[in-house]
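In the part that follows, the structures are each spelled out as structure tokens.
Next, two complexes with subunit A in common: one pairs it with subunit B, the other with subunit C.
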Partner chain A sequence: MTALLDVDGLTTSFFTRRGEVKSVRGVSFRVAAGETLGIVGESGSGKSVTCMSILRLLKTGGKVVSGRALFEGRDLLALDEDEMSDLRGNAIGMIFQDPMTSLNPTLTVGEQVIETIIRHRPVSRAAARQRAIELFDMVRIPSPEARLRAYPHEFSGGMRQRVMIAIALACEPKLLIADEPTTALDVTIQRQILVLLKELQAKLGMAIILITHDLGIIVEFTDRMLVMYGGQVMEEGLVTAVFRQPAHPYTRGLIAAIPNIADDNGQRLRPIPGSPPDMHDPPPGCPFAPRCPEAMLQCRVPAPMIQAAIGQSSRCWRLHPDAPRPVEQDGRP
Partner chain B sequence: MIAYLAQRLALMLATLFAIITLTFFLMHAVPGGPFVSDKMMAPEIAAAINAKFHLDEPLWQQYLAYLGGVFTFDLGPSFKYPGMSVNQMIASGLPTTAKVGLLALLSVIALGVPLGVVAALNRNRWPDTAVMAIATIGVAIPSYVIATLALYVFAMRLKLVPTFGIDDWRGYFLPVFALSGFWLSYVARLTRSSLIETMLTDYMTTARAKGLRPGQILFKHGLRNSLIPLVTVIGPVAANLLTGSFVIEQIFALPGIGRHFVLAITNRDYTAIMGITIFYAVVLMVMILLVDLAYLALDPRIKFGARHP
Partner chain C sequence: MTSTTPPTSAPLVALRGLSKRFSLRGGLFARNTRELRAVDGVDLDIHRGETVGLVGESGCGKSTLARMVIRLLRPSSGQILFDGNDIADLGERQLAPYRRRMQMIFQDPYASLNPRMSVGDIIAEPLEIAAWGDSTTRQARVTQLLDRVGLSRDHAMRFPHEFSGGQRQRVGIARAIALEPELIICDEPISALDVSIQAQVVNMLEDLQQEQGLTYLFISHDLSMVRHIADRIGVMYLGRIVELAPSRKLYRSPAHPYTRLLLDSIPVTDPDRAHTDAAITGEIPSPLHIPSGCAFRTRCPRATALCAEREPALQDLGDGHLASCHHPLSPEAAR
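Moving on, here comes the complex of A and B:
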């Protein structure tokens, strides 16, 4: 089966006065139609830049250095700007992190939905308005007809994110990229928004790339996951497989760092010691090696993705058939 | 809305009252007077003149009489131009000043904003550098230097425009250019920085992520939001330009209000000083009110009459 989105060797850098920041270094992954791919990683791991590169919405100084991103067989990175803007908001929708700032404060929310529909569909204004009402109803904004005339500042954060979802889904995209859609929201609202996204996915059949730093969200809402660190994919696999047996020491560190109410008897949090690499000058080989409890000399050489289990692979030399057996980590059963 | 306007109007009247009072007493506190001169004047003539203009009365009485005049729109007779009232003085200077000022204001907006947009869209490329270089010169060089240079080049050397007066449409070019130079540069710079800042906001990324056309993104989403800080300065700029500039009016020999004002001060023409000050104050306050109303149209987050914590 061909993938809806096939990203291969994506490399993106930001060219700043201090030099080149290698934000994304050879990221490859696939998204099948209708599936949910979670991308998890800490700030600066390159997860957002990966998605912004695919949509070609990088901020000033950002440039895709190499790679391909085939969407339904067409390379997004090779399209001209007109063709690209025909796809954005149409076949590919996007939701951002902060609903407080992602909507234009000087236009009514209705206008912001309607203009998207008119841009991509040959419909009259009245028909677009009707569609906007349906969309508001679909994302459960109460009294949609009246709310269409309201401005963003008259909405709560959760309601604004619903507006953003309505905009992203206005043209029934095949792929929805949600970049930390709930990070800026209250915990209770977070769940509502994610549940809504899953429902809408079931209804419309789109694929979702869900970027988050919250492993809890990954477990509950995604099918497959990508763990990013230092601009590279560290581990990829079915969520169930990765959580059952994480193959990369970084993934293990992340999972161990989740606070657990059940077995916690006044136990401290278990952070991963050290800090993320400086992407001006990332370490040679594995970016996690300087913090890795299992690092060895070989880790200074870039590792390939190695299959760890069925539907799971990891960029770690420890999985290599010739690698020495990993040491037991303390604190782990 | 009506309640808000009424409130603003009352506030304007109170401000005007304060301006009149302060100006009146400060002006009288300065030693000397309109009829004090080097030439010896017979005491009886001086007394007669003072009596004619009520300068012999106690100050508070003069003040009350003046205040009464102002609120019936009578700014009194000029002390220096016999037979001419201050109302007439303003009326005679206003058309010239307003015509030149309005053209200057138009060129500030019609040229300053587009130049700023061009610079912002070509950030750090040559059009940006060119616009910003010219704008920096425009902000740095005083208008009278620009006026003098322009006079020399365009009127004296190239003989494209007359050296003085606005009897002919070509006469407007240099005064308008000299008057608008500073503010045009200022507005171009402000538009540039405001638009660049707007371009970096999240909602501009959203606009692009929706696949909107570049024109829609720039005008509907970008420019409208960038105009808000611009409107703030346009009010005072408009008041400034519409009330004229003494220097420019002097250089181009324009019979405007600015000249009257400066001459009134050197002549100690009490009523003229007061009258023109009041006129300036009213123009400025009206412009500021218009700016506030423009905010309402541009930014739906602003609600009039709402109390802010």
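Moving on, here comes the complex of A and C:
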């Protein structure tokens, strides 16, 4: 299978006055055409930096230290800035958490959609305007023609995110990178936006990388998932497989820590003790080891990705065929 | 935490017809002043030792309501009976004795902690303002509080920026419980925290409630977490409570179509129960243009002509379950 996007050994650091922050440490994954890959992780896990590295939109001080990101066979990390800007907003679309900061507050939203189309397509202004109306209609912005003349502040958060989706999809991208696209929205609007993305994906056939901290969004809206922690991929697999049988103790901890809405007994929550690692000085070996109930001496050595089941692998020494069985903990394996 | 039926004793807080209106000036010469109804005629009892959750979309008035209860805002009308005394109209000096009995925990502990003060001073500040003990006993109290929220005494010398989000929220909690209040308003206390840390903070809030008999008003957009922590839950829409019920009942058999749609919006983490179809249509109307009759009718799948004409009253459906709807869902149809 040739992947649409093939990321291999991506390593990104931020060089600050306090020293090097190793945000992403050897991340590899593939995205097939038309699929939805979810990336879940907590703040500082490296999920956003991974995508910003691929998009070449790292903030000041951020630098890709090593790795490749092949998009249709071309290494995005080796392209020059002009070639990269031709791809962004064109073959690769993107939407972010806060549409207010991604939209220009001084231009009408119509102007911003038209600008994107003209930049990447050899069309007249009138044709671009017509296309903008179609796009607004497609993302279900009511009275699209009139709304093109409105400014970003005249829209609600949900409507602004629809504008962002219209811009991202203007050139029918093959890959859409969505970084926490609904985190700032109410649950009702969140569902509207995610359902809309799913529908548009079915219609246009693009692949989506959906970055979120919300496990529910992963379950409902993605096919395959990566679990990131401490700048590394801890687990990768089909969403159904990972949720039925999480292979990494961190994934298990994350799933156990959220309250179950169907749970009537008011059971006590089971948090993961401790706090995430300081990425100035991450622990040697597994970054989760200091908080892991199953950690052993070997965990001080970096673990490889080990296959746990079909289409599921995890960076945990416990999966090694010679590893000792973990001690049973309150009835859970 | 455990009982779902409120005790029969007098409530710690009783809200009666509580309203907050903001006037907005529009136009160059401010002639056409418009009125925004943020909270409109809310009645709610909060009993000692219970946790009442408030949920609803942004702009529904839940935070405004909470800020009135603790009197960070002065209500436009209505009563706030705290332990039987109406504090709705009291001035700052008259409020002083009540201030120490109620505290608030905010969403962003970073924004609510003074960056120039050490954590020890931040926690000691309410003690000083209340002239609690002398400096030695206050120091001892700070150490005791740090210990209670799982921080070490060495942390007292450090500053907020040296702490993680979870630790900062612990500082916020230590400060809030310093004067042993009776009521704590928790306004989105875990929203800014990572999933693995949220559970730590929620467990701590539950433990503190057990130990000190605290009463919580818990506001959150995380409906799963509210369901976990609250004994009773009020659902707000455009400034009103549209449904109020013991949490289990609310989630099992909601009567108001809005509650049902809100619950259906939550992404579920069980792959066998995942549903990507149901989406509530439309957005919450502007509080400047609240629809006639039932405010939810513009988004409601069950709305009829009656809903536009007449405003539904909050009706008692039995067992502490209240809902304001002309066409409530029957318990069987609700699920």
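Note that the second predicted complex is superposed on the first by the 329 of 333 C-alpha atoms of A that agree within 3 Å, B and C clash if a C-alpha of one lies under 4 Å from a C-alpha of the other, contacts with A are read in each partner's own complex, and residues count from 1 in each chain.
Everything below uses one rule, namely that a residue touches a chain if its C-beta (ideal position, glycine included) is under 8 Å from a C-beta of that chain, and two chains touch if they have at least 3 such contacts.
Keep in mind that this is a model prediction, so the values were computed, not measured.
A.B. asks: On the A-aligned overlay, A:89 touches which partner chain: subunit B = first, subunit C = second, or both, or neither?
C.D. replies: Only subunit B is touched by A:89; subunit C is not.
A.B. asks: Which partner does A:191 contact after superposing on A: first (subunit B), second (subunit C), both, neither?
C.D. replies: After superposing on A, A:191 lies in contact with subunit C but is clear of subunit B.
A.B. asks: Once the structures are superposed on A, label A:23 by its partner contacts, choosing first (subunit B), second (subunit C), both or neither.
C.D. replies: A:23: touches no partner chain.
A.B. asks: What is the contact status of A:164 with respect to subunit B (first) and subunit C (second): first, second, both, or neither?
C.D. replies: First partner only.
A.B. asks: Identify the partner contact of A:271: answer first if only subunit B is touched, second if only subunit C is, both if each is, neither if none is.
C.D. replies: After superposition on chain A, A:271 lies in contact with subunit C alone.
A.B. asks: Using the superposition described at the top, determine whether subunit B or subunit C touches more residues of subunit A.
C.D. replies: Counting residues of subunit A touched by each partner, the higher count goes to C.
A.B. asks: On the A-aligned overlay, A:220 touches which partner chain: subunit B = first, subunit C = second, or both, or neither?
C.D. replies: second
A.B. asks: Does subunit B (first) or subunit C (second) touch A:101, or do both, or does neither?
C.D. replies: first
A.B. asks: Pick out the shared contact residues on subunit A: the ones touching subunit B in one complex and subunit C in the other.
C.D. replies: none
A.B. asks: For the complex, give me every residue of subunit A touching subunit C.
C.D. replies: Touch list, subunit A to subunit C: 42-43, 156, 158-159, 186-192, 194-195, 198, 213-217, 219-221, 239-240, 243-244, 253-255, 257-264, 266, 268-273, 275-276.
A.B. asks: Of all residues in subunit A, which touch subunit B in the complex?
C.D. replies: Per the touch definition, subunit A meets subunit B at residues 55, 57, 59-60, 85-90, 94, 96, 98, 101-108, 115-116, 119-120, 151, 153, 164, 167.
A.B. asks: For subunit B, which residues are in contact with subunit A within the complex?
C.D. replies: Within the complex, subunit B touches subunit A at residues 123, 200-203, 205-213, 216, 220-221, 224-225, 298-301.
A.B. asks: Along subunit C, where are the residues that touch subunit A in the complex?
C.D. replies: 1-2, 57-58, 164-167, 194-200, 202-203, 206, 221, 223-225, 227-228, 248, 251-252, 261-263, 265-271, 273-281, 283-284
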